[in-house]
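Encoded as structure tokens, the structure appears first; notes follow it.
For clarity, chains are labelled A, B, C, D, E and F in written order, and residue numbers in each chain start from 1.
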Amino acid sequence: MAGTIFVINPNSTEAVTAGIDQAVEPLRSVDGPKIACLTLTEGPAGIQSQRDADSVVGPLLKRAAGLENEAAAFVVACFSDPGMHALREQSRHPVLGIAESGVFQALTLGQRFGVIAILPSSIQRHLRYFGAMGVMGRFAGDLSIGMGVTELSNAEKTLERMTATGKTLRDTHHADVIVMGCAGMARFRRPLEEALGVPVVEPTQAAAAMAVGRVRLAAA
Amino acid sequence: MAGTIFVINPNSTEAVTAGIDQAVEPLRSVDGPKIACLTLTEGPAGIQSQRDADSVVGPLLKRAAGLENEAAAFVVACFSDPGMHALREQSRHPVLGIAESGVFQALTLGQRFGVIAILPSSIQRHLRYFGAMGVMGRFAGDLSIGMGVTELSNAEKTLERMTATGKTLRDTHHADVIVMGCAGMARFRRPLEEALGVPVVEPTQAAAAMAVGRVRLAAA
Amino acid sequence: MAGTIFVINPNSTEAVTAGIDQAVEPLRSVDGPKIACLTLTEGPAGIQSQRDADSVVGPLLKRAAGLENEAAAFVVACFSDPGMHALREQSRHPVLGIAESGVFQALTLGQRFGVIAILPSSIQRHLRYFGAMGVMGRFAGDLSIGMGVTELSNAEKTLERMTATGKTLRDTHHADVIVMGCAGMARFRRPLEEALGVPVVEPTQAAAAMAVGRVRLAAA
Amino acid sequence: MAGTIFVINPNSTEAVTAGIDQAVEPLRSVDGPKIACLTLTEGPAGIQSQRDADSVVGPLLKRAAGLENEAAAFVVACFSDPGMHALREQSRHPVLGIAESGVFQALTLGQRFGVIAILPSSIQRHLRYFGAMGVMGRFAGDLSIGMGVTELSNAEKTLERMTATGKTLRDTHHADVIVMGCAGMARFRRPLEEALGVPVVEPTQAAAAMAVGRVRLAAA
Amino acid sequence: MAGTIFVINPNSTEAVTAGIDQAVEPLRSVDGPKIACLTLTEGPAGIQSQRDADSVVGPLLKRAAGLENEAAAFVVACFSDPGMHALREQSRHPVLGIAESGVFQALTLGQRFGVIAILPSSIQRHLRYFGAMGVMGRFAGDLSIGMGVTELSNAEKTLERMTATGKTLRDTHHADVIVMGCAGMARFRRPLEEALGVPVVEPTQAAAAMAVGRVRLAAA
Amino acid sequence: MAGTIFVINPNSTEAVTAGIDQAVEPLRSVDGPKIACLTLTEGPAGIQSQRDADSVVGPLLKRAAGLENEAAAFVVACFSDPGMHALREQSRHPVLGIAESGVFQALTLGQRFGVIAILPSSIQRHLRYFGAMGVMGRFAGDLSIGMGVTELSNAEKTLERMTATGKTLRDTHHADVIVMGCAGMARFRRPLEEALGVPVVEPTQAAAAMAVGRVRLAAA
């Protein structure tokens, strides 16, 4: 199948891109679209603020424009989906965002979704976005693990914090499905799900799976 | 990949199942899960009422139970998603419904979704379901083409009516994405989209694509 | 007044029907419609899952069809209102469901309603239904007492658990009116209300009262 | 049964009270609560503005206070439910309002309710109230017949206008149940329902029926 | 600039009016509209119930009518905005209410607003109003400090209680902006904001600021 | 009063900035904050797409950073409020956006707001934003006048189209207050209001008025 799904990590941290690449591996098939994961080198180390989110739109659009001819679809792999709507205007291909896809997948797995955010400063931004998506009627809560992007290299601590946060979402906020509010952490999905006993959505996988489907169907 | 995605048409009309089978063909890959489309022979010729929808749940659960060991996932291929929640309780595999998946896909393609229903008697049922899904804040309208299930064999007339209904949804109800509120009509998707100039979602394709993604990821 | 209001308990537990019968006694008047409470013998001992809810629709519709000529109205006496919409299609008489009527009565008694469920597995189902009813904007919470249907024969423990759950709904979820999320427990309504200090709605009474009104007005 | 349900027409037009009295007649039973319909002589001829609505609260509370010992329940019989919440604070008896009860009854009869208002100036007030009730997710439309309160004595013209307005609500706004947005017009309910082919709720009947149920259950 | 903005305290407590007068002082400019703060001597000492709120509408309208010719705008300075909609009907000038203006200002400062109420009995009334305003999707919580209107003279205790309540709104209800649900307490705004670390809105200031803008623009 | 309110037009069209400057003139007072209107020379001629909106955030933040020390507040004067949330993170001063302020002011003037957009391509973007604001429950409609930004120099045609669009919003969508969905057109506000007979909000004025209030109160 011609064309590549470009999953663009809009932050410049290669380790995140590597995590994404691993996350989408099961979605690659011999006769399906290729899936390539890219790092937006112009991006900040992590997207922590609205400013960060807005700042990557220009470079992301430019990068995507250069890939347009090779592309079958684009995935914006940051939980704020920066540039997703602008890229939909620019590209003739399907464009998915991981927050959007992750939340919608969650809504097929539970009735009230909770989100595990990395930073407290992201929560207002997430809520504005969920409002724009029209899903606040099924929102349980969005809580941060309170760790900086750099601390996330400590895997054990990260999982521990995600688990504790997930338990609060489940027990206090009555979430019956959890969305990981960040990219590049697919390796924690399964242990988290086991610890919490409710479904956990890794949003990059959700978006990439949607993209594969869209590409296959468009090609038909 | 072991396991089959069973797409179950809960009505007994084989032509609908054949249409579904054709619709999901692009989603089959050599190394992916098989996709088998089945007709629920115990179902009515078409699901036209709440009674019809409720009546197929028992047979559908029974049929799915018999397939559980072979199954990788199930798709309920009727726009009322009858039995979907009960099947989620019963099966250890992913279970998708075409209305749920179709609407969520639509919400990644436009801001206000419109639905083309076959029968006027389905609209209240759809609205209750959209309310349960929590998406009424993005609902534009749900209009019927006013043709009986049997009349649908007239393809030309069906497409003509769907086009007219879609134009009303677009122009009067301000829908910027349309969901086909029925299964087995994938062949009309592209001409409808061309006639309307806004994206049109075929919900069986949306659900089957989601199912493929879920199966691939679960197998990893 | 000709015609009987048939209150159908869709589970097969006669004790529940007896509790319902006692609950609606004050609504019987010498010149009003008769009220008869029936047990759906084909039903499960208790409706604990979506599967259970869906499974009773067929038998319930059949039973109601046999009663159509004698009937003045029907009440579906299970908090999931199984078959209510299908019965509305089938019957020319008023059809009320206890969850629908109970919640609407609650909304005339407080601003945010809480629901005491029996089983945790019912809560998602309730929430889907409240969403379909469009009342999530006034929803405070839905918490289970965590007792099996069989344990409910222990009246003291049941009331104790309902009281504790009601207090959590009142104090943590800010419910100012409580709906009992089950049928057949009218005897606990008053002690619960006294213990909680906020109005408590017994939903079978709410639905049967609505049915009496509808029948009297239709007969005029 | 001791105690009287006082249905208070907060405007001073006796003809409206007479219409209400006739409307609730079928709800009177030999062993049930008495139902007395009163005119608030201090009220304006019709409640046409927010000022009118607010102005009747004081006299209504005073009148109700004088009736408290005889009362079993109160019904505020004006579609703005003026004083209903204050009267709930004041009285130890059930207090129903016709708009609240009428809308909730409508929501058991259709999925999207339409309201036929008398005056255009009432519509904003109604919408604020429906917002407070949390039912805007099921609102289809609220349209006025554009006749002054005094013109309403012309029954033929009134019914004609109500029918035309109801048809617009049904066909353009997709209402599948209609609420009459005024008291004292029960005589038009049946012809309107026949002309429209969808259920029509007379709100005074809805509220009085609820009141009867509440009184019977409280007395038990 | 001709015309005066009349800020009417609808309760009869002069100390409250004095607090309001001090609160709006920074909004007075040499070339802008005068701002006069009045006490409605007919009002109760404090507005604690729906009855209290309704009772002041008549006197407030009368007072405002007498001021109409001198007025440039009116502000209703009680957090229930009693009479605001009726006064909008009566006056040709802008009419603002402090709850409405305070909540809207809050929504420009945070994503989820919390309200500090004085009395628990006000909370249901507030919620009905927020529902009418259509802002429940951004509502975090409304909690009372549990002090009588007379106790409020104890400034230290009042601030202490407001701070504790604000912390609960922030930490448990996830409010990121707080509205003071009462008039006349502007002196606590800054210490409260410092103690809580999130923006705090004094609603009389919000409304008076809006009024000044409206008057200046209308005069142009 | 020290400090200047900087109203930043994020498009590069000086005529728009001139229109804004004229619009806010009545809000300038001798003892109040200065109001300076600036053109973002790096911006496009008009903001017509999400891409345009996103593209101005960087330059706008940079420009505002340079003004931070002189500034008392910022107003983002484009109906998409581009960069508003990022600027709130960056600046210690109040930051208002014209869409947000305009809509909230509208909600104090009517129950259902309509928006007159310039281009059809802006409507989806507006709707996402109104969803994020949580005000869709009071949304009537958003219709475009269908003129390019350059055509807007034809004042007569522009007003004619705005009037026709406003009438549709009023009569078909039941808007009772209209927001002008663009900056720089304050000169049309009054004739539009006269032609429509419902309040019309010019959003730059609404935002600048709010900013003046915030600055005065912060300075106190």
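Just so it is clear, a residue touches a chain if its C-beta (ideal position, glycine included) is under 8 Å from a C-beta of that chain, and two chains touch if they have at least 3 such contacts.
For clarity, every value in this text was computed on a predicted model and none was experimentally measured.
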Response to the item:
Every chain in contact with both chain B and chain C is listed here as A, D
Discussion item. Under the document's definition of touching, what chains do chain B and chain D have as common neighbours?
Written reply: C, F
Worksheet item: In terms of C-beta pairs in contact, which of D-E and B-F ranks higher?
Response: D-E
Worksheet, complete the sentence: Outermost chain relative to chain F, judged by CA means, is C
Response to the item:
Residue numbers at the chain D-chain F contact, same meaning over half shared and different meaning under half, come out as different
Worksheet item: What is the distance, in whole Å, between the centres of chain A and chain F, each centre taken as the mean of its C-alpha atoms?
Response: 32
Worksheet entry | Centre-of-Cα separation between chain F and chain E, whole angstrom | 26
Worksheet item: In angstrom, rounded to a whole number, how far apart do the mean CA points of chain A and chain E lie?
Response: 42
Fill in: Computed distance of Cα centres, chain D from chain A, in Å
51
Worksheet entry | For chain A, residues contacting two or more additional chains | 124, 128, 131, 133-134, 136-138
Worksheet, complete the sentence: Touching pairs here come out as A-B, A-C, A-E, A-F, B-C, B-D, B-F, C-D, C-E, D-E, D-F, E-F
Worksheet entry | Residues on chain F engaged by chain E in the complex (per definition of touch) | 25-27, 29-32, 96, 100-101, 104-105, 107-108, 133-135, 137-138, 205-206, 208-210, 212-214, 216-217, 219-220
Discussion item. Under the definition above, what is the set of chain F residues touching chain A in their complex?
Written reply: 49-51, 53-55, 57-58, 61, 83, 85-86, 88-90, 121, 124-125, 128-129, 131-134, 136
Worksheet item: Which bits of chain B are touching chain D when the two form their complex?
Response: 123-124, 127-128, 131, 136-137, 141
Discussion item. Applying the document's contact rule, which stretches of chain A touch chain C when the two form their complex?
Written reply: 110-112, 137-138, 174, 176
